[in-house]
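Structures for review follow.
Paired with subunit B in one complex and with subunit C in the other, subunit A is shared by the two complexes that follow.
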Partner chain A sequence: MTPDPSVAADFDLEHCTVRELNGALHQALSGGFRVLNPGGAHALACGLDAPLEVHIDGHAGYYCAGMNKSANVTVTGNAGTGCAENIMSGEVRVQGDVSQSLAATGHGGLVVVEGSASARAGISMKGVDIVVGGDVGHMSAFMAQAGRLLVLGQAGPDLGDSIYEAQLYVRGKVASLGADCEEKPMEAEHTAIVAELLERARLDADAASFRRYGSARKLYHFSVDNMDAY
Partner chain B sequence: MSEPRTPPRKSATFDDYTLAEIRRAAATGIYDIRGGGAKRRLPHFDDLVFLGASMSRYPLEGYREQCDTAVVLGTRFASQPIELKIPITIAGMSFGSLSSQAKEALGRGASAMGTSTTTGDGGMTPEERGHSDKLVYQVLPSRYGMNPDDLRRADAIEVVVGQGAKPGGGGMLLGQKINERVAQMRTLPEGIDQRSACRHPDWTGPDDLAIKIQELREITDWEKPIYIKIGAARPYYDTALSVKAGADVVVVDGMQGGTAATQDVFIEHVGIPTLAAVREAVRALQELDMHRKVQLVVSGGIRSGADVAKALAMGADAVSIGTAALVALGDNDPALEAEYQKLGTTAGAYDDWHEGNDPAGITTQRPELAARLDPVLGGRRLANYLSVMTMELQTLARANGKSNVLHLEPEDLAALTVEAAAMAGVPLAGTTWIPGGGE
Partner chain C sequence: MCGIVGLFLKNEDLQPELGRLTSLMVHEMVDRGPDSAGFAVYETPGEMTKISCLSLTEKTDWKALSDDLQKVIEAPVEVQVIEDHAILYTTGDGAVARNRIIEIAADVTVLSVGHAIELFKGIGDPDAIADRFGLSQRTGRHAIAHTRMATESAVVIAGSHPFSTGADTCLVHNGSLSNHNRLRENLRRQGESFQTENDSEVAAGYLAWRMRQGDTLEAAIEQALQDLDGFYTLAIGTRDGFAVVRDPIACKPAIIAETQDWVAMSSEYRAIARLPGVSHANIWEPEPATVYAWSHAA
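== the complex of A and B ==
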């Protein structure tokens, strides 16, 4: 392999442990790191807290880049459950597909999946921006509180169930909307938001081709008249 | 002379309380939501007694012979276990359900006594961190305010699977208490009725939880003890699964354990009493050869040093208090009776904590009420109460000939009722009979 001058260090998980990798990444203040032979290991590059560039060359397991702050993490393969869970800032990009609970409870930053995401993408999201190039599974954006979810493909059943103030944009078909989620008019300001997200995600699509969904705010207070929705 | 009549007879099934609840439900269409734990009479530690020392055991001299109370939690995997001076900790209660003054008072009182306090379903506040020498950071399904910086600032991490008041239930904080600061910490609109999820967003079972715990350990470089808190539902299996998932500490909360706000039907009808849960949790640890290696913390209705001593004798390593700590701060004080009357209740029964009108200034976010609680004085009261509990605990340990409170054992106990004997696995007093197949 030709040495890459931008890479400060390589970690080959055939020859070191996840603990050694994460311990070194937690010590680093800056620089680029490459993870070779990740082999679907769990908790790769989680808890980062510095402007690092981390390139995972292969597949990652659960909670890859969990609670990320400031770092940019790229996975060239697929990633498992809870990828970028509770992300605070920085960027996590997966070039393949991801499993359930993508960016769950994420507070900030940008998460990009170039493939598709499984169920509960963006569950309880709290401010993160999520862009999915393919489809998202059922119950995506469940109880989503804040932030934006942009889906270039289709959304599975019960999108945005019990949603609070997160904003959802979907280009393809939505199988069904969850409780208290409704379609909202797409104004110029929303098209601009979609265009901005596409640009940041470096994905190509017509910003005007998306539809917008959000909270109907009918379940914000308990009421006997909403019995059917409880 | 009039003919004798059958005296009016009220139904035991449809008693006055039940009738009133039916009428209230018919009038409002909403089930009763309240704070606190199960209020009904339950088998409890009161149904156990210590046998004390006599011919076969030497007692220790009160005040003169040492009786250690220190306990270390998190010795299994964590590189920085928590060392507590007393085996009584403060349970998780959120900022949001409690005022910031109350959280500060809890921190002050616990720190004065060398023990820990715990965050809750609303994140960590600077007041709480600043005044708590040892702070346990809860990871809850809602992940409100969840922040890796706070995770690293914590002294231990508690993954909350459930709580005794509502095993299987999520949180609830009604709009009256979602003021600007609470809303901001939880990333929610002000004034809405807020539901917390009952399941975690990124794991669904013990196999996933093991991986989740691996992530939390990696993020914190394997320094912090990781607790798993479970509501007392199936404590034998849940404790065993917590050990399998990698817990350093298991916290078992019985149905008397309080909540900030939940449906009354949930509080009174789901879960099992604390007394019944302890034995089952200990049995699981013993069978896995993990007793005293994975520490067990018991909560739910702990009120006195006697309760602590009995929990330890049954095999717990420490206890947690919530409701009792609030009472120590001034909750339900008869001195406030006139104000409780205005709220349609009476001192000792006030449980509408979710409405945010607490005259004691504890379960409220209204500034004028919260200001009534002096955090310094409150902290002092809590420390006094913890001191008394600790001295009571030592008194009972010495009476049973123990120089360390963790040396208390089931053989020091007898049960006063058949139910308690079966649940605790100790003989009915005056017999050798342990009903229910206990050892």
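== the complex of A and C ==
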């Protein structure tokens, strides 16, 4: 990875602490930052609240770029559990793989994983857009409420279990659908959404090759037929 | 929460470094398990059987114990005392020796028996435990280690991992088992003996029982996936290598990295980050309910 030319400061975690790194990032209003020797440390670049460019050169631990707002954070390696959890806006990009609970409860912004994500990607997502270049693990988009999840590879068992209104697009095989998740027809408007997400994620695929999944709306809608149960 | 690590050396030239590299990995897992720790180091199997023992009173008369054993197993026994541990070396029958120690020495726990394994455990700071037992100076072919944050039973040395599952086999566990009481009762009826109330010891006893029934390690683990209820990532050390398995919903973390020189597994990447050549490693998260195994014998 070539260093970002706009880099204003390097933080080498061989020589400074995560607290010092995050403290400096919380003070900054703009600019580029590069994090060297992350070594799988937790909570890197968490809670950012300004239009910063942050490059993490290597592997990140848990909760990397959590609660991100406005900033663009790139990880050149892998990231651990809870990457970009509760993201509000901005963009988080991981060039390797991520562990569980990618972008959990994310409200907005874009999360791109060029490799694969493991279990529960997009759990309880609330408006974030997630694009995964490889596969996602089991129970992805569990209780997903809003936003879009686009998977270029395959999805593990129980995709979209107990889903509300998020939209799921998967190009490869889906091992199984979770409760109240069903396949829906791909119309022109959906192909356009997929094309837009691919472009924003800078990933290449045929937008027409995806299948769409979403809520059957039987689980969370009140049915008058069930009145006697209350 | 607990931390587990395993390191399997493919390159023989790294064998003098096994302990040092394992202690680096343990250090990174201290905050996942600060209350106790243990490790098993496997050297190239030799002629002698090694019996790793722990004195619960620190007043054990090892000389008297070895004199008694020599008579029972009709073979010489040498003792190397290391703090509250002792390694007994003998050409006699290790299983008979183990049973004799359990029979006559109430203050001694037999940690492991085998031709390759040596096992050490303690309570307190994992780095201090590694120092006390000279982990970083140890050599060998593979090792597994554990840092514990107790959830299912007390912080006592008996609850420290690894737990032996038979000759040259032991197990470390991150997670908790929900059905360990019932399983323990069933296994006791099958003749297994347990030394603690710890849930992970039940997993070890389960694997020992299956292998005594004739299962291979892989088959025993496959059956464990059916019968163990709970959260677990297990690393299982064997005479010739180690195996890794996660529960079917992958509740507990694990990561594996492999280079041409070594295979490492850990709860988190940061434990692997200090290993030589890690920047060229193939790194992946093991799939749920899938057995991964490496062996020097292959």
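As a working rule, the second predicted complex is superposed on the first by the 215 of 230 C-alpha atoms of A that agree within 3 Å, B and C clash if a C-alpha of one lies under 4 Å from a C-alpha of the other, contacts with A are read in each partner's own complex, and residues count from 1 in each chain.
We take it that a residue touches a chain if its C-beta (ideal position, glycine included) is under 8 Å from a C-beta of that chain, and two chains touch if they have at least 3 such contacts.
What you see is a predicted model; the values in this text were computed from it and never measured.
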Problem set entry | subunit B versus subunit C as contact partner of A:Ala146, first or second or both or neither | first
Exercise. Is A:Gly61 in contact with subunit B, with subunit C, with both, or with neither (first, second, both, neither)?
Worked result: both
Exercise. If you stack the two complexes on chain A, which partner ends up touching A:Tyr169: first (subunit B), second (subunit C), both, or neither?
Worked result: neither
Exercise. Taking the superposition as given, does A:Phe33 touch the first partner, subunit B, the second, subunit C, both, or neither?
Worked result: neither
Exercise. In the superposed arrangement, does A:Ala104 touch subunit B (first), subunit C (second), both or neither?
Worked result: first
Problem set entry | Touching partner for A:Thr81 - first (subunit B), second (subunit C), both, neither | both
Exercise. Given the touch rule stated above, what does A:Tyr213 touch, subunit B (first), subunit C (second), both, or neither?
Worked result: neither
Seminar exercise, completed: Of subunit B and subunit C, the partner touching more residues of subunit A is B
For this session: Share the list of subunit A residues that count as touching for subunit B in one structure and for subunit C in the other.
Result: 61-62, 81, 100
Exercise. For subunit B, which residues count as touching subunit A in their complex?
Worked result: 28-30, 142-143, 146-149, 151, 174-175, 186-189, 192-193, 195, 197, 201-203, 208, 211-212, 214-215, 218-222
Problem set entry | Interfacial residue positions of subunit A with respect to subunit B in the complex | 18-19, 22-23, 26, 42-43, 46-47, 49, 61-63, 66-67, 69, 81-82, 85-86, 88, 100-101, 104-105, 107, 120, 123-124, 126-127, 142-143, 145-146, 162, 164-165, 220-222, 224
Seminar exercise, completed: The residues of subunit C that touch subunit A in their complex are 249-250, 253, 255, 268-274, 283-285, 288
For this session: Show which residues of subunit A lie in contact with subunit C when the two form their complex.
Result: 39-41, 59, 61-62, 78, 80-81, 96-97, 99-100, 118-119, 137-139
